[in-house]
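Everything below concerns the one structure shown next.
We just call them A, B, C and D in the order they show up, numbering each chain from 1.
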């Protein structure tokens, strides 16, 4: 990992140790390896993972400790008072090099065809610590190259360096012992129990923690070389947990989501379900504005939408309803709320969103919307449910509807419970094509979560930053922008020029966003230059 | 009428034969490839052996436009104008990868191939191409001319299309080098 | 090698006009406060001990989100390289300018050669040079929108002046 | 060495008479000739404009009253491309800066990166000698092309053919060295890509001798040639003060009397071990530039001669495995070398973060590279300081007052190279 976890503060008692001649203070019980990395005396490792227990099997983190007969595994040793550690002593470096050489003896020459190549820890450790040519040219031990061990994962036993990280992920994160080591010596292999599969809902974390290309995701393998990918930090829209993720994309297409460390939310993990939320960004998108069923220019669509809503407001403001969406960012919701309540003074606002789903006590939340908390807070009790909307539509209390965000407003295609036939006017600002956008008089394309800047508020009330990773599909625009154009058409003055401005205003108005931070501008980092992720 | 056909075809062959050995080239030299173009014209790889030794630096007098080197977006209108000033029949050779596809310059300023602006008959790859390659490309072109192929036919077709109302690229050319708005 | 230049600068400008100065990889450099830009340049040119009469190079650096950089550092740095023919020493000068007010005073009146270099810096980075006689684009065409060498300008975003009718390739 | 070089042609010892055709300049500008300003456009596709420059001249009669030089027709975004390439991948782009002397650009860039890496002193000696040799060969091709092309633009086509003949020999020699006639990409960070081919020494010597013959032929054709001299003597004068203020270096700068040559004033590589002179002009007109270039070819030949004598045997690449590639057979047969190769190619050489300005003497003068690294495998900024940019800039000051016919020789002798000037 690039960042080491801060030493746990459970024990206030501090101990003083010397690392490479410099003395430092650490809380008692800190793992030596974390201490070394924290002070910049970097120690390599394979099997250690900040989120897992340390079995000290890879022997890459050996360091010299004064008084010890032989180098000790620093990932396994807690700091002790007056400890003198030499991470760069010739003996330690040489021992680590020998261990690395052992690891490489049977490693296949797969880099050109290996999906991990470019973010491979083995490559990194070798290049940083050894970089010497091979001394043996014996025959390598051959094992199974393609083992289908799960719905999402393929195992290459030759590449495995037996660090057991994946086993511990299943045991300690998914709480489900599905992987095991078999055989002995240089025939030792990773495998599942006979007749069983690696199919827990967190199985893809094993691919992330795998330091080499032994475990590869079926969804990603052979689809893109990692050094072609750019990474943008963002938030998973899969559920209300709001796991921090990195969006890996290239040339406007998202290729995968991987977890980003946030100890307060998801530590280093995320669920398999969440990893596939990126697919919806590239499927069934509404790419251009439609008016009366025909694609039109933005100005035309906005004009028509403005005329429709203006007519409705002149007729009877009480019959105008607005549907917000729990999938929208705080910025979009704030802009919509401002337009609805402050400018137009409407009373009927509803909150839509995806239906409830399964949940567990690890990460997955039953609420499948990333921003329900934000919507609730912004709505401030003025939001009603889709059920109310259905009733209002039946009773004819609502004849004009402005829908911003189509997720879960209707079932995907077929007309569902909502009786839209009674509607006089329907304006939809949505991300995806569907029945709703087809029956609407005016439908305008909305950018997806990965295409727009903004913030989500997760179930813990944390406001987390979402960043635009890829350009919006077709002519899609972020919600706040469409709404400020629409507001102008309706004679209201709401002219936001950038998401940051919306955020700033919302922050000043809304208590739950007080501590929120927009963060700095950051360019997408090319993975090739981000170094190995480990 | 077979006899008439026979005469006309023979006539075309004759003119094409004459044309292919008297190519008056307009070298639109912009970049590195110009160095190799010099070599082609120089004694060792004497392009004169193929009847194309005489560079005319006036498009009105040339019938072979050799685009030598990278074409940038800024260069585009000039190139298009040169091409439009040449008289039919005319042929175009893209000399080097930059003129063919943009080569390894894929960025905001370079054009991904001269055929974005003018139709091209023969593409000569290489960065820069060796003189032998250039001569090979020239021979290819001569064969095309003998076969009465070449984009000049296409150009006529394009004109016909334009008469039908398809928009004219020339009309989209802006005057190059206008004064910029000073800040 | 050219420590004398920095010493002279620091001796002459004591009002904090020299924000930083130092030597890295054998290159002497100094960061000048924007209001003292011209004064420092003129001084370096005229002072007999420095005599930076030769104008070597002027360019600009976009430090947008540069990894390892100071968060409060200005986004743009105008970088000037000077050389003294008589003393055979060099110096590099920085002048920071932020995105919202990206301007620096022009050096055209100190070294005639600065003219085109400043035009280029303006063309590619959008940094304005106050008092420049004729601040036009120089490498890009006048119709070009934006400043391509900024880090947030996509590498392959073309702005064609002319294109051929699609499909007319034989 | 200078036997077959007519020593009376050393710059500034020549009889000068500012004449134009057979009339004195004053006659042409007699006040009774009525003139009115007329805008005249040269280029970008003018045969003498190298296809990459557009000159908007305002002429009064024959005389140029103002000139607006518009460059940028060959802007190929060297910097933007470099920022998205690894440090090693930048070499091909440097080839195409001054594409008449690619080796010199390679040398300049390689030395800049090495300065940033702090391994300038550790480059194997043989590699340094090889760099000098191929660099000087490139310098000769550069000047030959400039002379030949300029002469051709003045109608002396024979000179062009002679010069190209000699350049062809040198190209073929370079091809034996690096596999490419023109765009070499021969250097690497930390050394050169391959060792010199067998019998390189003998071949180069014979080529040098033949080249000297060609040079004397060219001199015979041009130096006493009235048409040539009329367009050269006293035309396009650049003063030393202008050269300094505009930062003009190289042959153009030296023709003005500015005795600045990086190889002498700040010796790099092993140039301090060679004995050579820096030709300096006195007037700063076209003929000085011509004479300086001719003389520089002779000096380059002297350097080559000494370098061939002194070049030692030994490695030609830096030993550090994090900079140089492992042997190919190892790459295919062992995971260690495969990884090293992979990291070197895909991640690129990891250059510590910092900023350097490194400068060498290229064909057109001081070629500077200003590199900014953020510690990753690709440049954060890779700025090249093009020598002929300044030289072209000064034309706006030199051209006014000249005659239209003088534009071609003046521009030709400035030797503006599009790839370098526009980058």
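Convention: a residue touches a chain if its C-beta (ideal position, glycine included) is under 8 Å from a C-beta of that chain, and two chains touch if they have at least 3 such contacts.
These figures come from a predicted structure and were not determined experimentally.
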item: Count of contact steps on the shortest path from subunit A to subunit B; value: 2
item: Nearest-to-centre chain - CA centroid comparison; value: C
item: Inter-centroid spacing, subunit D versus subunit B (mean Cα positions, whole Å); value: 30
item: Cα-centroid distance, subunit B relative to subunit C, in whole angstrom; value: 41
item: Inter-centroid spacing, subunit D versus subunit A (mean Cα positions, whole Å); value: 52
item: Residues within subunit B bordering two or more other chains; value: 74, 107-109, 176-177
item: Contacts with 2+ other chains: residues of subunit D; value: 70, 72, 75, 77, 80-81, 376
item: For the subunit D and subunit C complex, residues of the former touching the latter; value: 70-72, 75, 77, 79-81, 84, 115-116, 118, 242, 244-248, 258, 260, 265-266, 353-357, 359, 366, 368, 370, 372, 374-376, 380-381, 383, 385, 389-390, 393-394, 397, 422-423
item: Interface residues, subunit C side, partner subunit B - complex; value: 122, 128, 134-137, 139-143, 148, 153-165, 168-170
item: Touching residues on subunit B, where the partner in the complex is subunit C; value: 73-74, 76-77, 80, 106-109, 111, 115-121, 151, 153-154, 157-158, 161-162, 166-169, 172-174, 176-183
item: Touch list for subunit D against partner subunit B, complex; value: 44-47, 50-52, 54, 56, 70, 72-77, 80-81, 92, 95-96, 99-100, 145, 149, 160-161, 164-165, 167-168, 171, 181-183, 418-419
item: Complex contacts: residues of subunit A adjacent to subunit D; value: 104, 107-109, 111-112, 117-118, 122-123, 126-127, 130-134, 137, 227, 528-529, 531
